[in-house]
Amino acid sequence: MFTSRRLRLGATALTLTALVLGSAGCGGTTRENSGTDAGGAQASGAANPDAPIKEGLKIAFLPKQVNNPYFTTADNGGKEAVTEVKGEFKEVGPSEASASSQVSYINTLSQQGMDVIVTSANDPNAICGALNQAKAAGAKIVTFDSDTKPECRQIFVNQVTAQGIAENQVKLISEQIGGEGEIAILSATANATNQNAWIELMKQELKKPEYSKIKLVTVAYGNDDDQKSFQETQGLLQSYPNLKGIISPTTVGVAAAARYLSGSQYKGKVKLTGLGTPNQMREYVKDGTVDAFALWSPADLGYLAAYAGAALASGQITGAEGDKFKAGKLGEFTVGKDGVVVLGPPTVFDKNNIDQFQF
Amino acid sequence: MSLTDTGVTERIANTSPPDAGRPRRRLTERLLAVRELSLLLALGALILVTMLHNDRFLSSQSIKDLLLGCAILVILAVGQTLVIITRNVDLSVGSILGLVAFATGELFLAAPGTPWPAALLLGVALGAVCGAVNGGLIAVAKVPALVITLGTLYAFRGIDYYWAAGQQINAADMPRSFLRLGNQTLLGVPVLFLVALVVVAAAGFYLHSYRSGRELYAIGSEPAAARLSGVPVGRRVFAVFVASGALAGLAGVLYAARFGTLDAAAGTGLELQVVAAAVVGGVAIFGGSGSVFGAALGAVLLTTIGSSLAVLRIDPFWQQAVVGALILAAIGLDRLLAARMAARLRGRSARGA
Amino acid sequence: MAHDSLYTAPPSGAVAGRERGRLAGLRGALGSWDAAIVAGLAVVVLLASVSVPNFATGRNAQFLLLDLVPLALLALPMTLIVITGEIDLSVASMVGLGSTLMGQMWLSSGLSLELICVLVVLSGALLGAVNGVFVTGFGLPSLAVTIGTLALYRGLSFVVLGDQAVADFPADWTDAVVQPIPGTSIPVMVVPVLLLALVFGVVLHATPVGRALYAMGNNGEAATFAGVSVARTKFWLFVASGAVCGLVGVFWTLRYASARGDNATGLELTVVTAVLLGGVSIFGGRGGLLGVVAGVLLLGVLRNALQLADVDANALTIVTGTLLIASVVLPHAVADVRARLHRRRQRAQLTAS
Amino acid sequence: MSPDARGTKAPPLLVLDDIRKSFGAVAALRGVHLELHPGEAHALVGENGAGKSTLVKILAGAHAPDSGRMTLDGHPLLLRGPADARSAGIAVIYQEPTLFPDLTVAENIFMGRQPLRSFRRIDTREMNRAAERLFDRLGVRIDPSRPARGLSIADQQLVEIAKALSFDARILVMDEPTAALSGVEVERLFGVARSLCERGAAVLFISHRFDEVFDLCQRLTVLRDGAWVSSDRTADLTVDEVVRRMVGRDVASLYPKQDAPLRDTLLEVRGLSRAGVFSDVSFSVRGGEIVALAGLVGAGRSEVARAIFGIDRHDAGEVRVAGRVLPAGSPRKAIAAGMALVPEDRRQQGLVMELSVERNATLARRRALSRLGLLSGGAERAEARQWTTRLQVKTSRLAAPVATLSGGNQQKVVLAKWLATRPRILIIDEPTRGIDVGTKSEVHRLLSELAGEGLAILMISSELPEVLGMADRVLVMHEGRLVRELSRDEADETSVMFAATGQGATA
């Protein structure tokens, strides 16, 4: 009996796999073509720089997850821009940062006939299919903060070039530790696209002669989880007695690290810099745990992304290299290679200027 | 393993109760000792290995970090133990902690002047209320705790998210005195850990030497019999969930004090660690036996694993796997002991267990 | 003659009569759950299609069903397992591990994708077998075991693929799984789901094994005495669960064109919710597959409709939790009320007679 | 002393008047009257389902009566829960023990009433001593500090009794306490009960064993179908009279085993052993023969049966069915070989109480009934109906949960389940435990019929009359060993008890 049952189960499993393959075999290609056709058509349309920004555009923001202060700020920036162009703003998103739930939201949005979807990808590939479908349904796709594969969107609004970040961070830490000693990096999740890109470039940057005395000993991952980052910092300091400085290019990580340092014997001795929001870091900058850290303005990022989306939807730009568009108070921007628009160099915060910022 | 064994797993899966009378307590005594001893050994071995790799692991600083790290988990584990002993489980503790932690932050935002003891009390109260919701649904509607607390795990977290709506509370928003509570030490021992110790001691003493405490074991051991011997089962279970909620609330406030930065996601997925701590600590998942001391040790062990992995520079991804393996090992050990004892008892009386 | 004794008791006929009524009532209360859930589904669909714009469209149906495939698949073996009084909380982790295994194999081993898919399903079965061994072989409570493997497998799935996400699967494959049946808006994946549902449905409701499942869910010992191999049956259930998880892992990976460690995190809660919503008793021994399928659909439709209606994600979390609680509290409440009514009517009859 | 006399003079201690209780639509008690007098043991008898246990539960405060009055010392008595019953001085010994396996014996006895030290802490030492004292009174040795898990049924029952004694109750209710006890233990229990009576307490004793009833009690109340039938002094009653009142008519002689032609050996057990339970058990049963396995409870009889059927693995020895060796530890193979086991514990092992009569009746036949692995409801129903009608199971519907049946009918369903497998060997453990007199004789008639049809029957029974009446041969076990084999004419009360209590071991 049971053997026969097992057989039956095994059999079904196999037949099912076969089915999947079978369905894969037939007509998969046509699907693919249609998908890219749609996307391609939009992209290859001619841009008309003088086209006015349409009114009443439906622009939706889909962050990695709602409940994340960073994205809340960014989305508010976007909202400001959308109201400026007299569009309808909407923010939706999953409560946990997972690609799969982002997909179902993208589906929902294209279902609702959005003109522009501005999103930050939890996974560069996972949401591509959905985005392409949305594109096919006539939506313009703008990504910000974390990009997808270029072919899945028209514009990626980059907070700052990875190069910019790398240079900035290395420069900061070097100044703080006096140009020599061991440093470590406390990153977010191990498969966060932008984080890894930055870290790569930081390694390049460190090869430069002026940083020759600085040694990067390890990269730790705090998974953008406060407690984990806290423990990882603690681990770093124990495993590397001579550690002089830590770079944490993630808002969660840098805050946790700062908190650990401020409560420990290493306060002030081990330098910390990274990317953090003034509100989180204000205390630690004031109590001397942190000399200086950097960040772009998430609000501006959202603001720019919204404008880029509006420009796309109005036919001002197509996402082709060289297209130019005006982004309200931020002035004019030019679309770079692969449809990347760069916000600009990050702002550095320290004792003197931190109180001027509220986000 | 014979079929009947698996047929009646949960009856066998228990070890013996922690308290057996003075005169002849060898057997039960030993079984208990085995469990707590093996935990201590594991802990010792772990620390030793880590130290050999890096002597700073036992520096006063990192010991402080360790104690600080485990305090919150210990408190939650105690609450969970109370619940599990009565043959229930509370999966909503993580969400309650998150909710309370955020509420504490909000409190300080709304009324910056609030003295921290008041915040503490309010937090505990809020936790107790959440616990009462669980307990009410379970004790009154006669619905399995697993399901209810699975539901409230969603619900409480949802309320938390809804309330927070993406906003974050930062250390700067909370009074220094309160934050100090999180990092301050007394004679080199973190205050948080002292609080945890008090909780453990109190709960342990209560379970061991008070009638209502023993009744919790009775309920978990044989609910029907408990009812017949006049134990107010419904009331006790309800109370236990309120207690678990209150402890989660306490943990939440301490969490706020310790971590300073709070968003709605605080304590997500913690319930798994808490159950793990209790089970690893020898609390039989099907009720009736186990001690808060064991659970506390379990919590300490889990935390130590966490930080020593970080120190050993082992891929942090291994941590979760290790926790899982530990749970399996722990319940496996319980099963072994139970089987041994069953055999012994069969020897003792003509009829087999 | 002797056997007359069974019929002499005068009022027994009357008693039997009332008994019949009462039982019918009881069976109504319990058996009608399937009907209730199906009706509920119909109502929700109806309301949504009139009140929620863009809901009642082919495209939306396609999205909806596609999102439900994993949930539906996982719910099938879970139903059988819960009916035997066990539970498997490790399903989501097995899906994740399956996905990363697939990614790793695709990355490093030059095997063909067809072969890899089969291998993933088989390794899923293996993972399930591990659960099975711990539960039936060592006679450990499945709740504890699968909480352990929940952590273990998730940890391993991170270990397997570490810090990378494999995404370069052939486009025709990744497109194929999301493709609708030509000429319709029904995703092609629905076909295997229905097939599998049919298999599990038949096994549960029309085979000796199915009968055995209900028997052991209600009383494992009695089932053993009736010659049911409780342990072996449960073991194969866990294996089946694992295999299905492997299958879902394959689907998930292809659908999102991305194999990563955190795939399907937390899905186990939704699966359990769906199964309980489908009217399966968490105590085992009661429930049917039709109800579960309806439960899955209800859950999916509700979420989709609320999303389309721009309901906050956090509100969705609350809804899920509330649904879960309601699905277990309601039947009890209904049964309670019925019982009360009967007692009152009964008393009336007594005083009358 | 003359308890009767005192009984008549003294005012009743507890009076139950017109007590009614119904569950859903089933009326369990329909106007019961009961008077318990101080210093008097009062018997409560009736068929299963007559409402005895419900009455006990009401006295224990576990159920609240729908209507009716209870008075204690003439004051109205209201029991809101078991706790109230205790404080009112009512102690109950339940039919099946209700212990906490994880707690120590002492804690089991004193749960909720543990002796306290300063700060209301539990005084464990004192608690254990108190437990020791109770056990001394009962003249048994049980370690108060050992966990209750693993205690033999008899020991569990003794702990229950100790519990009841521990709050020296004014009213002691005993619901078939002797079912699991050996003769010696029963005598001690009665001794305790009598001494309680002498101290002015009242005892309510429920049992199916008339010898015990007439031995212990001065008064006797009969219930039938939840209604009060009669209350008289036992002195004025005869067994037949009581039985007539219980079933409402005369009952034919109880044990009609006809001789059947003996066929060749079907079941053969050689040197069967299970460590710590039983050892070196060898015997054989032939077709058409009923062999009784006698002995005190705890002698290991049920364990032997379980091992033969494959529920437990045996460590040594072998079981042969019609000459072929039966693989150990597989009930499925045993059933396939034509063996059937009607277990000792009906509710736990014999039936799936929540499932319908039909499902239970066909549970062991589900494979045989399936075509190409598929079952058709029709086939099942037909099978179930055939056997339930043949055994005259009284049920409203085949789809009714078996839990709603009376004990006797439940036992018939178990029999139906096994007879449906058309076994060659029937092992039946305590065939008539907790079954009313009427059904008892039916079961016995059935057994001898089956023997007549050539089945080999191994019967385990604690009721001596049953053993002597039904068995062609009697095998007596003592402390896990087979100590004596008696032919039908050798076997009588003395010879069996002699062997069962171990004196015969040498012979």
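Letters A, B, C and D mark the chains in the order given here, with residues in each chain numbered from 1 onward.
Please note the rule applied: a contact is a pair of C-beta atoms (placed from the backbone, for glycine too) under 8 Å apart; a residue touches a chain by one contact, two chains touch by 3 or more.
Protein names from UniProt, one per chain: B = Autoinducer 2 import system permease protein LsrC; D = D-xylose ABC transporter ATP-binding protein.
Model, not experiment: these values are computed from the prediction.
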Touching chain B and also chain C, the following chains:
A, D
Going by the touch criterion at the top, tell me which pair is linked by more C-beta contacts: A-B or A-C.
A-C
In angstrom, rounded to a whole number, how far apart do the mean CA points of chain A and chain C lie?
36
Measure off the straight-line distance from the CA centroid of chain A to the CA centroid of chain D, and report it in whole Å.
72
In whole angstrom, the CA-centroid distance of chain B from chain D equals 43
Quick check on chain C: which residues sit in contact with 2+ other chains?
162, 208, 221, 223-224, 229, 261, 312-314, 316-317
So chain B residues touching two or more other chains come to 3-4, 158, 161, 165, 317
Hunt down the residues of chain D that sit against at least two other chains at once, touch-wise.
311, 331, 367, 373
Report the residues of chain D in contact with chain B in the complex, numbered from low to high.
60-62, 81-83, 85-86, 94, 98-104, 106-107, 111-112, 114, 116, 120-122, 124-125, 127-128, 143-147, 149-155, 163, 276-277, 298-300, 303, 311-313, 329, 331, 479-480
Seen from chain B, its contact residues with chain C in the complex are 1, 3-10, 12-13, 89, 137, 141-144, 146-148, 150-159, 161-162, 165, 272, 275-276, 279, 285-286, 315, 317-328, 331-332, 335
Complex interface listing, chain C residues touching chain B
87, 134-141, 143-145, 147-156, 158-159, 162, 216, 220-221, 223-224, 229-231, 234, 261, 269, 272-273, 276, 282-283, 312-325, 328-329, 332-333
For chain D, which residues are in contact with chain C within the complex?
20, 22, 24-27, 30, 47, 66-67, 224-225, 247-249, 251-252, 309, 311, 330-332, 334-335, 341, 343, 348-355, 359, 362-364, 366-367, 369-370, 373-376, 392, 394-397, 399-401, 404, 408-409, 417, 436-439, 441-442, 445
Considering only the defined contacts, which chain A positions touch chain C in the complex?
1-2, 5-6, 8-10, 12-17, 19-21, 23-29, 31-32, 35, 66-67, 90, 92-96, 98-101, 103-105, 107-108, 111-113, 123-129, 189-191, 196, 221
